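Heads up, the next two complexes both have subunit A, just with different partners, subunit B and then subunit C.
Moving on to the complex of A and B:
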């Protein structure tokens, strides 16, 4: 009896230590974004001054909007292209299909630093150059495999007779896809879209390589600001990003679970 | 509604000949069973008729119209799948409405027709349910309602009752037959269950290795099988092999067996005789000879009691014969007992070897 209780207690302690390790730095940062002292001095005095001055920081706001815009466009492009690609891989047999499917995974594993360097050299060589358009292209390339993998996983649970049944009832290919297949894979599409958004919105390395000085994304702008000199505004904007990212991830987790059920 | 003609249809997948020159005529309003073991090509044939797959050669017509290159969505057929294939994201009513809805029918018409179809399969009150809230038998009925609500020319069923337990299967057999009679639709159903084929269909087509072995009414195939395969696949049969004498065969040990039915063969060729187990009378003595009856002596090796009947396994010349006897409350034969088997030539079918 006693050992069981000790083990139980140890297990609980372990979980709390783990969570503390993960969240303590973030919580301190979030707290400091509400502290009067810019040098982390205690006692803690409540203020929203840094959030207010963040509002005045046009550069940071512009970069935030760039990030949101790129993330949204990346998500839309990846969801459309990725779902279509998953459906094609599911429905058709063609030469090199296995190779194509296998080649979807390496980009997820290749370090972003290397992908970013390669993109920079390639875009420079073919005349695409740098800038928001290049960042968008890079993000789409990074996020697309995630969408295809997630939607394909969902499609594995789809019964092909459902499409056949719909066709036997007179539905054309478009009607079959829209009314039978898409509703089934929708949880996967949503989860994939959230993945794509997160990959784009949190992307620093590739964006840093492809950004031009005047036109950057939020993570790149934060990095630049830290190099110039740290201000609690960074804490404030980081807190906002963390809240948004965590909300997205929780949503993803929810849809992923939904996707796993029948 | 329309008849279906399949003429000289062949279909290969790589080196495998799934259908080999199959011709079969499904008359308007009939109930047909395509029966065969797995891999016999019965499902492939159904998919050619449905239009999920096209034949390499041959013709398929529905109501006289050539359809062998028409895709499934344009063939106006109704199909029930083995696992029902109900759309999980739609209610029962929406499932049934699907075919009318993709066709662009008016809402009011759809609602009326859906209700009528659900009433026909006795699920009138369950339109609002989701497929996963239904039992297997109810899903089966929804699949059927969905297939017939569009008034297809042909109803195709792919092992429709395979997933149901035995009691429910018998109920659904009766139900399916009733609905088919009520709407008078040409129905083709694939099964590997010989009992299902016998009890439900007007005609049966037996397939083996992509070829049509025999086609005809159940009684005809049962009473006059044209091959050993047809004799043993549809029902049970005792087979004797020997040389033909013209109206029967002579077994290697010299015993003659007279056949009153089946092929007319020239004397001397190799042939078989098939006898159904329930046609053989079993007794402990020969009784009065009547001249025409076939007679063999043997020894009971085993008896299986099955309530209303008993099956005796009788050893005779290295062969085990099966005899089914109705339980009349008397004449119980013990294992090991010497017996005499008798049956009439009319119950004996001569089959060409091969």
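Moving on to the complex of A and C:
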């Protein structure tokens, strides 16, 4: 059994090494946002001036608001449409249901690049054009499947007898949905909403192709800045983004165990 | 659905000579596809991108699979839950930011350089930035959580008694791994490989930031057609060729990999 012990110990060590690989660059990037030197030179000297100068950067702030606005609207639209669609898929049988379900699955066989360029061409072709409204449409299309998958997963655990019981006690369809079904799927709806927010807030490739100068989102703005040259300001805004999205995901994890334990 | 309309529009555009909205007359042409086949540059770049996708996928298997195994079979209870969350947490944070963070580590005079020189008695120059390995490292960092996730899900479903049965019948650890664990977790490996290979082949932001001038791949050429050269029809044709190649590879690989399972 000594070998087993050693192997288990090695396994634990390995996991910690992997976590180091995953997190050390991010931590270093975050530390550098508090360093005085604009060229990332050591020794480390503490400052918050890069965060202060972010406030002066109107372009970045405008892009941030765009990102937040689009993410919030995407979340609302996706939660409403996604929950309704999940309920419809759960309750009713209709022709082409299987086909529709397959189509709704996140399109994993298509590289992001192609999704982005195809949307650009399509929106251009039908006259929607580019800009924030196009980005919003794109984000809704990308995030909707996630909401449907998460809410449908939650619906799988729902006992239809509950609805029947409510109905036999005199509740109408609307009351059944509002008082019985919705409270049950609420954790799924919240998790789906948080997923949708994260998908939209972090989305870069699709936004990049749909953005126009002046109508951009934060990741697009950061990419443009990175390509001009590395500055600690980029580190500062990146640090803020990382903290926000990780906090958001931890929140999601409270509502929805993504496939962890059964 | 939302993606298939745009895709068909793209196919349509890829046969055009000019953008219809630019005011110039346009006609249907096969020229954009001919451009791909007449210039060996595009084919070379496509092969480079496919190779990149393959290498990144392999590294993700090598790094991710053991981690998934430890998570599924060694760790228990709360520590497993916490570490699982920590492993998959980064992939919901911004990919761009994580790629940028590697630039901090890999540049000359960056953290890796400084740290190694502080430890080693002799002077070495680590300048991995703007190189092929930098692109690989960045992409593996971005995509390895997918592999851990998918393999973890299938490994966790393997009944421990199967492993014990194999062991008590006299199989060595290696034999159990080869005959029981890997075959049973094959669906996870395949799913993870597909989830990684597809986006990596179409990556353009990662090679741009970490690869610099060496970071010209098929994806960056497509990006250029849309944002720099404004030759959308050519970009559409190149995109469509990439999509076709990816779909063919997935279609060919899936029965082969399924038989292995």
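FYI, the second predicted complex is superposed on the first by the 248 of 262 C-alpha atoms of A that agree within 3 Å, B and C clash if a C-alpha of one lies under 4 Å from a C-alpha of the other, contacts with A are read in each partner's own complex, and residues count from 1 in each chain.
Everything that follows uses one rule, which is that a residue touches a chain if its C-beta (ideal position, glycine included) is under 8 Å from a C-beta of that chain, and two chains touch if they have at least 3 such contacts.
All of these numbers come straight from a predicted model, not from anything done at the bench.
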Please indicate which partner A:184 is in contact with in the superposed arrangement: first for subunit B, second for subunit C, both, or neither. first
Considering only the touch criterion stated at the top, classify A:249 as touching first (subunit B), second (subunit C), both, or neither. second
Tell me which of subunit B and subunit C touches more residues of subunit A. C
In the superposed arrangement, does A:161 touch subunit B (first), subunit C (second), both or neither? first
In the superposed arrangement, does A:114 touch subunit B (first), subunit C (second), both or neither? second
What is the contact status of A:71 with respect to subunit B (first) and subunit C (second): first, second, both, or neither? neither
Partner chain in contact with A:170 - subunit B first, subunit C second, else both or neither: first
Going by the contact rule set out at the top, does A:24 touch subunit B (first), subunit C (second), both, or neither? second
In the superposed arrangement, does A:124 touch subunit B (first), subunit C (second), both or neither? second
Using the touch definition up top, name the residues of subunit A that touch subunit B in the complex. 159, 161-162, 164-172, 175, 179-180, 183-184, 262
Contacts from subunit C onto subunit A in the complex sit at residues 1-7, 9-10, 12-13, 20-21, 63, 66-67, 69-71, 74-75, 81, 83-90, 92-98, 100-105, 107, 109-111, 114, 141, 144-145, 148-149, 153, 173, 194-195, 198-199, 201-205, 208-209, 219, 222-223, 226-227, 232, 235-236, 239, 242-243, 246-247, 250
Which positions of subunit B touch subunit A when the two form their complex? 50, 52, 71-74, 76-79, 81-83, 85-89, 98-99, 102-103, 132, 146-147, 150
Subunit A residues touching subunit C in their complex are 7-8, 11-12, 14-15, 18-19, 21-26, 28-29, 32, 40-42, 103-104, 107-115, 117-126, 140-142, 144, 198, 202, 204-205, 208-209, 219, 222-223, 226-227, 230, 234-235, 238, 241-242, 245-246, 248-250, 253, 258-261
